[in-house]
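Attaching a single structure in structure tokens format; questions to follow.
Note that the chains are named A, B, C and D in the order they appear, and that numbering of residues resets to 1 at the start of each chain.
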Amino acid sequence: MISEGELVFIWNPQKGDSFLFKLKSGQTQGTHFGQIKHDDIMQHNFGDGVRMPKGAVYYIMRPTIGEYTRRLKRQTQIVFPKDSAYIIEHLNIFPGCTVVECGTGSGSLCCTFAHFVGANGRVCTYDRREEFSALARKNAERWGVADRIEFNVRELEEGFKERDADAVFLDVPTPWLYIDKAYEALAPGNHLGILVPTANQISETLRALAEHNFCDVQVLEIMHRFYKTEPNRIRPEDMMIGHTGYLIFAAKTLPIAEITDEEAAQREYTDHECVGEVQNESA
Amino acid sequence: MISEGELVFIWNPQKGDSFLFKLKSGQTQGTHFGQIKHDDIMQHNFGDGVRMPKGAVYYIMRPTIGEYTRRLKRQTQIVFPKDSAYIIEHLNIFPGCTVVECGTGSGSLCCTFAHFVGANGRVCTYDRREEFSALARKNAERWGVADRIEFNVRELEEGFKERDADAVFLDVPTPWLYIDKAYEALAPGNHLGILVPTANQISETLRALAEHNFCDVQVLEIMHRFYKTEPNRIRPEDMMIGHTGYLIFAAKTLPIAEITDEEAAQREYTDHECVGEVQNESA
Amino acid sequence: MISEGELVFIWNPQKGDSFLFKLKSGQTQGTHFGQIKHDDIMQHNFGDGVRMPKGAVYYIMRPTIGEYTRRLKRQTQIVFPKDSAYIIEHLNIFPGCTVVECGTGSGSLCCTFAHFVGANGRVCTYDRREEFSALARKNAERWGVADRIEFNVRELEEGFKERDADAVFLDVPTPWLYIDKAYEALAPGNHLGILVPTANQISETLRALAEHNFCDVQVLEIMHRFYKTEPNRIRPEDMMIGHTGYLIFAAKTLPIAEITDEEAAQREYTDHECVGEVQNESA
Amino acid sequence: MISEGELVFIWNPQKGDSFLFKLKSGQTQGTHFGQIKHDDIMQHNFGDGVRMPKGAVYYIMRPTIGEYTRRLKRQTQIVFPKDSAYIIEHLNIFPGCTVVECGTGSGSLCCTFAHFVGANGRVCTYDRREEFSALARKNAERWGVADRIEFNVRELEEGFKERDADAVFLDVPTPWLYIDKAYEALAPGNHLGILVPTANQISETLRALAEHNFCDVQVLEIMHRFYKTEPNRIRPEDMMIGHTGYLIFAAKTLPIAEITDEEAAQREYTDHECVGEVQNESA
């Protein structure tokens, strides 16, 4: 049986419509095929289908963090799963790590970070606006990860409080003004991630990264193309998302140590086994 | 100082070439600009730049799981970061969860799963070929996650040993033959993921999913488009990866419980607050 | 002054809305900013802006064949400019040539062919349904190219009447059933083009092409990605067309002439100047 | 029989390699499977396969303008068929029209324009460098369209000689400096096209277009995605062209005529039949 307080994701095969909500005794959820009492759902298990009056069925599924962030209450543009998935990977998020981000916004990326850092990890998020911070906290509480997140209301000009963070992410309109703050907060050898919607912002950001000690800079955009699911008529959907934003990544380096000529002379080129060379567009 | 046994990722800004290797006293790493002694690197910290004889610099960075899997020793096609990132998200992997996958191959996806499930999670991987299993184990040991992985050498006809897994993934040539085995292993309400390179395989797989109790089926492909990093000349790279594979996802449901007419009559449509409706092409 | 009977395309910069119509004295065109009398437009020249009551302006432009086909009256799915442009090029349409196509549909591709073959060229179009043929003729008359088109109402089982056509195009649900008919109509060494919406249809069509004497087969899809036009915020539109159809092209060959061993012996490999080799993914 | 002086395109199904050359008695063409004498080809017809010593076959096909431009002798970057096809369509090229372009470069776009304007049309091309003009002329002669092209060697600062051109195209590094010259040459209500490789250039160009009387501005990029042609394994090619350039289009308008309040008062909104409204991302 599914308990009160759990998040459920219900999905109907006829219309493909779906709802994501928290179970609370006495409440009902409206759907296109009628009302479902939360108490009825609590009589079921995950995976069960709840039959509606005229035969329609809603299946009860566990919500995913991707589905959750896509639907959370928002007052700002959010970071969508197509982008957040790769952010998680390229920033090398792992259970127990510490991530610093600005701005908090509605908390979509913040919740995703918190999901992946786990109970022993920590997300330190910053936003200058109190109301966004409050909204994000509410969204994080709903997903059950608020205790892993430290919500800061602060102007980024003051910088981050953290040092040696495992990863830093900037989702602000003028990231190039805060590259120094991101540098301060990040552990050397680790990655900074940035999301900007326009190509003009890429230019500004690249210039700022070049002025600080960042290397291995990558800029990319991610396109997801969904297909219809009729086996005899495999084809992409008519419409697709054309753009959300550009992702920029870079690794923090330290000023270069000098070596003596003697040391240098010892290093000569020989062929060596190595794991492999980088391809810039490697999939 | 970086310790012996650590994985390092070194990167040179002039050629953009890079190497990923494990530090071992007495060894050297060949590069395009000469040899680097591992012992020299152990005199440095992450983020440092190591200067080569003729002035070239290699920066020492922490490798990411994405970079690692992209470069691991392989005898098979691997699952690339562009796809694995979204697999991690859509299967709702979280620290401490249990994932079941087949086939192991060279272990790229297996290592990525192990990275994200953390020390308290578990990855149960299957492959019919002993040599792939052994290679994957070696790759997992190198990344330091082999203890989270259970390597099974087994024909998939025998099925998985696990039940109620948090997620199941199939990367085999004929996934449609094993949808029943995946169903058995997966917890109701949770997601199965599948990777296939061709559209013909999508058709077959969709037919098999329809015959079992799966719902919320999604088929998509992911395109990553990298940009050159010259601020005054923002433009995509000339060439890009055109295709790796199609991703298929579906959620396991249970046979539908009947309701009495009386129960049904109580459910009528009303407008209700809900988190939001699904858009099929949601970013 | 623009004459009665001319097609005009009017466009408003504020809303970006536009209309395409034929001038007729006494008529008016409704817009979002009020009515425009056709007689008023006839007082202007192409390029002029017509000012509306509250200050809005509609500019009068020459319609393009692309804009025209995108907006023509339709009862069927049409071939969009993004695809028709490349069809024109890859079928090597030229002024004065003869093109054969099936089916006529609403006449979008038919009008485009007629535009590019010019007054000395000929388009022979086939459709089994009288009403489509009539609609397409009306659309062609409006564009002023109906006299270059021969409208045939005929089942494709009977084949085309033409032989040695410069190009043949099939836009029918089951093109694989009519590859023999296309072969008959086409001049050897020239190209057949086919449009299908699904990957399953690609498979069937490729099998049929392989059974007949076609070579240099190409399958592709074309994606157009539009950008917003604000100079300080260069970025793609939020949504884009995800799919219209797959294009298949092939060249007709004849049964292979045998050569004697003597002749064969004379042909040995030497290095030679040549214009260049094909790249499969050539841009 | 194919005559001396004709261009032929030969293609081999095993390797997919191909050559495009002009037939001249006494010459031979080297291939991967041996030499072919031009005189042998002249014993055949288009569509025929020429058998090589060890059984390989080259089919003789009519070259297309797309294939030709892709392979022409070049000293510059060329405009590829994927882009030129849509340029032809959006500039509304038709048999008999006059097109003005700068710069000539190696003549790829110039030959394509000449192909589509036909024997009664005219292409006026400009380049500041004599050697490009000479190369382009040679390429145009080879394709047989040089007599439709007027080659001008001139600095664009001097402007175009033409007025009321049906279409104008700019493929120069700084098109924003010559928007006024393009405006002068173009007929009102007609389209200007521009190709730029970078997003920064889009910004500059959009600013210049806004300062002159251009409207209906469109910016887009075109992606062609080729598929493998094995019917049982339908899937895109592993690699694809990631970028060639961005296309910008705009229509020339004239200064706006004023209307009296009286005239304005007569124009009120009513619903009217119209061909349809524009969708910005129309396929």
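One rule holds in what follows: contacts are C-beta pairs under 8 Å (C-beta built on N, C-alpha and C of every residue); 3 or more make two chains touch, one makes a residue touch a chain.
What you see is a predicted model, and the numbers here were worked out from it, not measured in a lab.
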Q) On Cα atoms, by how many degrees is chain A rotated relative to chain B, nearest 5? A) 180
Q: Tally the contacting C-beta pairs at the B-C interface and at the C-D interface, and name the larger one.
A: C-D
Q: Round to the nearest whole Å and give the separation of the Cα centres of chain C and chain D.
A: 16
Q) In whole angstrom, how far does the Cα centroid of chain B sit from the Cα centroid of chain D? A) 43
(Q) Counting only residues that touch at least two other chains, what does the list for chain C look like? (A) 199-200, 202-203, 225-226, 232, 234, 237, 239-242, 244, 281
(Q) With touch defined as at the start, can you tell me which chain C residues reach chain A in the complex? (A) 197-200, 225-226, 232-244
Q. Hey, which residues of chain D end up touching chain A in the complex?
A. 199-200, 202-203, 242, 281
